[in-house]
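These notes open a run of structures that come right after.
One chain, chain A, links the two complexes that follow: it is found with chain B in the first and with chain C in the second.
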Partner chain A sequence: MNLFSLKEAAKQALSQTEVNFVIGYTKGSYGFRVAPFFAQNEAEVEKLFFSPLCDLSLVNYLSLEKNTPLEKFGKSPEQKIGIFVRGCDSRAINQILSEKGIIREELIIIGIPCHGVIDIKKLEARFPGVLDQARAEEEDGKYTICFGDKSFAIKKEDILSDKCKHCAYPTPLIYDLLIDGKVEGKDDRYEDIKPQEEATLGEKEEFWKNEFSRCIRCYACRNACPLCYCENCILERLSPQWVKRSVNPTENVIYHLSRAFHLAGRCAGCGECERVCPVNLPLMLLNRKLEKDVKSLFNFTPGIDSEQKQFLTTYDLKDSEEFIL
Partner chain B sequence: MSHFEPTIIAFLCNWCSYAGADLSGTSRYKYPANIKALRVMCSGRVNPLMIVQAFRAGADGVVISGCHPGDCHYSQGNYFTRRRFILFRKFLEFLGIDPERVVLSWVSASEGKRFADLMEELTDKIRNLGPLKNFTPLETEARGEINDS
Partner chain C sequence: MEKFILPKEKLIDFLKALESYDLFAPVRKEEVTVFAQVNKIDGTTFDFKNQPLTPKGIMFPQTESLFTFDTKTYAMNDSAMTPKKQRVMFGLRPCDARSFLILDPVFKQDYPDPYYLEKRTATILIGINCSEPFTNCFCTSVGGSPASQEGLDLLFIELPNSYFVEVISPQGKTIVEEASSLLSSASPEEEKIKDEIVQAVKEKIKRNIETKHLPEKIEKIFENPIWKDLAFKCIGCGICTYTCPTCYCFDIQDEVLKGGGKRQRIWDSCMFKEYTLHASGHNPRPTRAERLRNRIYHKFKQNIDKYGVAGCVGCGRCISFCPVNEDLIENLMKIKKL
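The block that comes next holds the complex of A and B.
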């Protein structure tokens, strides 16, 4: 990862008068943490970096900054934002663009071809209580983790984020500037959801009942998701009330079912929902299942093209008639 | 213990399926009273989450019925229904809800007998499947009889 090119790209973006800040990563305050950072001038750009520890997605900040998707549609861009994106992030941006949730001209996208990021929870499980700021580097299928005066070599697949293990689009599909060379994607066969798919109906019910009984309905998953940017979120509405506020397995199932189905064919697989969940719910299972079905049934992959039509607003005369009486 | 009678909510499109159900009535073809008909203007109006609401309200099965493909009164509504339904059914199965409880059918306005036969068949099927256990119905909550823990 050429940090010099990264900073130069940020400086280049900032040099434009309409660009107020560049959203990137900076070292966190302790341990393995990485923080988002809004660099507003050349001096602050020096704080930007990228390493395998950068497990969070920055795309959510676009919705928060630009906050009023449809209202700004058609107005000339007065303010631009620079942002660092990995592969999955670029797909999220593409998807939002195709839904007209944001205007392309308002973005300066700095693409980082991603070799995969570390699941910080796995690292913290291995090295609990680390307070010294840590570093991570990747080489030859191994991560070298350094903190304090210690250094450890760990096999990549031991601490790699689950979402990266099957990533088919590690190189950003949309960008204004690309740092480093392109990375080849993996062949995604959806092996991770196979055990869940092949379980019996009773086992499935039991599994999800157990999982969702832990859900505290904190809405972190909805808040962290880059594609959950509806101003009037269905999960919060009181008229009509789709999901009641009570926290019990029934309501929790309805909450997650609704949210996952609203992300059908839109989820970019960034894994933020699972990352931010305080009780470690396996939320990506739901999204992956829908991603797989949408791909196999309708040959649609979200976030490939910023102009593509959505699969639910189009139809094929030859759509499956399976199970229809 | 009295035997179980399922509650089945039927979303019927105004132009074809509801008219078809109406025809079965006027032709005196009997279909089970387990079917509670809800008239919608088009099957494409049915939000998949309404199926979930129906289950949560105590339904044991849901049937969505619309015009045959190509004959939709609004040209394309049923095509969208088809897309949504296929995906949603598979998703419900993934979550442990029996997909046999959610049925999509195409019934035209002239198919009175067929509607009655379909509903009879469906009621039998759902009766055999038994009551839905995945959701605690709303009324149980209201009576204070939760909780699934």
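The block that comes next holds the complex of A and C.
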């Protein structure tokens, strides 16, 4: 990745007077961590970077201002925000645009063709206790990980994020400025959800009850999700209270299934929910299954076009209806 | 103070010798380690290393029914879980043990809270020293140590082939007496090895911050724009508060089903949007900045003013599990530099 062109793009975005700040990545406070960063001027652009360690999505920051405002920069309505997006993030943006959740003219999208990112949890499990700021580079199917005076070569597939293993859209689908050349997508055959699909109803019930029983309801999966941008979330409703606050297997199941249904045909596959989970819930299994079903039943893939109509708002005589009881 | 040696292979026998108690310990459950009641010692996988979830929930469960009610008969039943048996909590890290000393005055002073206190007084705490600190451990910066005895009745310190057992309280002594056949007295040489090990672990703790003058500093910067800077990347989830051993905010809600219901006490989080949201719609902490400020003020100013101790044991969980790298130590450093 050519960092110069990345920073140049951020500078170019900022040089447009109507751009308030650029949301990007900066090095984290320790080890392999990367932090979101909000660059407002050229000096701050120098702190931006991109590497395979950038495993987080920044798209939720576009709606965070609406839901839990901060108005740090005193952005006026006519000002724009610049944002770094990878392939999956661009799908999230497209999807939100198609739902009229954000306004295209308010964004300067800096697209980063993505070769896949590292699963930081896997990396930290391999190298526990690393405090020195680490670097990661990719070459010929291998990652070189450096921290302190040490350097390690690791096979790409060993630490690649699961969400990247089957990514069909690594190159941003919507952008104003594109860094580097396009990356070829993979043919996604949904191999990862096969065991779930082949399991019996009883086995699946057992599996998910078990998984959800350890959820601590911190709502990190919802808050990190770019598509969970409702101003009034069902979870905070008190009258009627659809989901009770009690943390128990029943309410946890209702919480996660409500979220899964609300994301059906909307999830862009960025994997944020799974990445942020402190108790490692395999939430992408649900999202992936829904994505596959919506694709096979309605021939709809969320986020590939900012103008496409939602599958639930359109009707076609050829629509599948075998699941209607 | 009495000191004993327990060979490592006898640990399971030691736990079995305590069968007259309800045993709570960190056990491996699929992907995570949780503090839970152990009903059968054989076949349970214990995990005495770092845990994402604290043992706080044993005394102060995330969800607790205070009572149930019946809308037909107007009957009310006290449903809070009063321990029937004495309990032993085994395998706490010293930082987590100290957290109970920080929680105690909260639930004891002003309004004694029977739900917490009944469980607390019925529980004997047996700690294991911290031998593998987290990347972000900083207990030594807030008055702790990887082999701190504070809050514990017994402390196990891991030696190469055995545990060095320190008796700290009369309750700890009772436990030792019940398992006396498994223990032998510790020799001065073993004590020397123990001291060396404890020192070596202390040196493994890499992160630190001088917290001495923080309260005076924090007091002066309530309106400072730094809170906006610090909070801008915060996504407002509850990870830092729910993995914190000393956060104790809770919400009380009536959960009504047909014909009756229950009054539930559930952990709350100052990071949530509806925390301190008034019925009028007004929220005195409307943005992420006020919420993040609240957490730092509470831990490093108000808790010290009211109870004489910071509301932080330096376990580092809020740093390690934050999905967007909100780093408490880094944030405190920035505050100190103001």
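Before moving on, here are some points about what is shown:
Just so we're on the same page, the second predicted complex is superposed on the first by the 309 of 325 C-alpha atoms of A that agree within 3 Å, B and C clash if a C-alpha of one lies under 4 Å from a C-alpha of the other, contacts with A are read in each partner's own complex, and residues count from 1 in each chain.
Criterion: a contact is a pair of C-beta atoms (placed from the backbone, for glycine too) under 8 Å apart; a residue touches a chain by one contact, two chains touch by 3 or more.
Everything numeric here is computed off the predicted structure, so don't read it as measured data.
Judged by the touch definition given at the top, the superposed model places A:Val276 against chain C, while chain B stays out of reach.
In the superposition on chain A, contact of A:Ala220 is made with chain C only, not with chain B. Legend: residue contacts after superposition of the two complexes on their common chain; A:Ala260 is shown touching chain B, with no touch to chain C. Residue contacts after overlaying the shared chain place A:Glu236 against chain C, while chain B stays out of touching range.
Contacts of A:Trp208 after superposition on the shared chain: chain B is touched, whereas chain C is not. In the superposed model, A:Ser246 makes contact with both chain B and chain C. Legend: residue contacts after superposition of the two complexes on their common chain; A:Val34 is shown touching chain C, with no touch to chain B.
Common to the chain B-facing and chain C-facing surfaces of chain A are residues 246, 248. The touching residues of chain A, counted against chain C in their complex, run 28-31, 33-38, 56, 60-61, 64, 67-72, 124, 128-131, 210-211, 214, 216-220, 222-224, 236, 244-248, 275-276, 278-280. For chain C in complex with chain A, the touching residues are 29-32, 34, 52-53, 62-63, 132-136, 204, 206-207, 228-229, 231-233, 235-239, 242-243, 251, 253, 255, 264, 266-267, 269, 272-274, 286-289, 319, 321, 323-325, 327, 329-330.
Only residues 196-197, 201-209, 213, 234, 242, 246, 248-250, 253-254, 257-258, 260-261, 264, 286, 289-290, 293-294, 297-298, 311-313, 315, 317, 319-325 of chain A touch chain B when the two sit together in their complex. Residues 48-49, 52-53, 56, 69, 76, 79-80, 82-99, 103-106, 118, 133-136, 141, 146-149 of chain B touch chain A in their complex.
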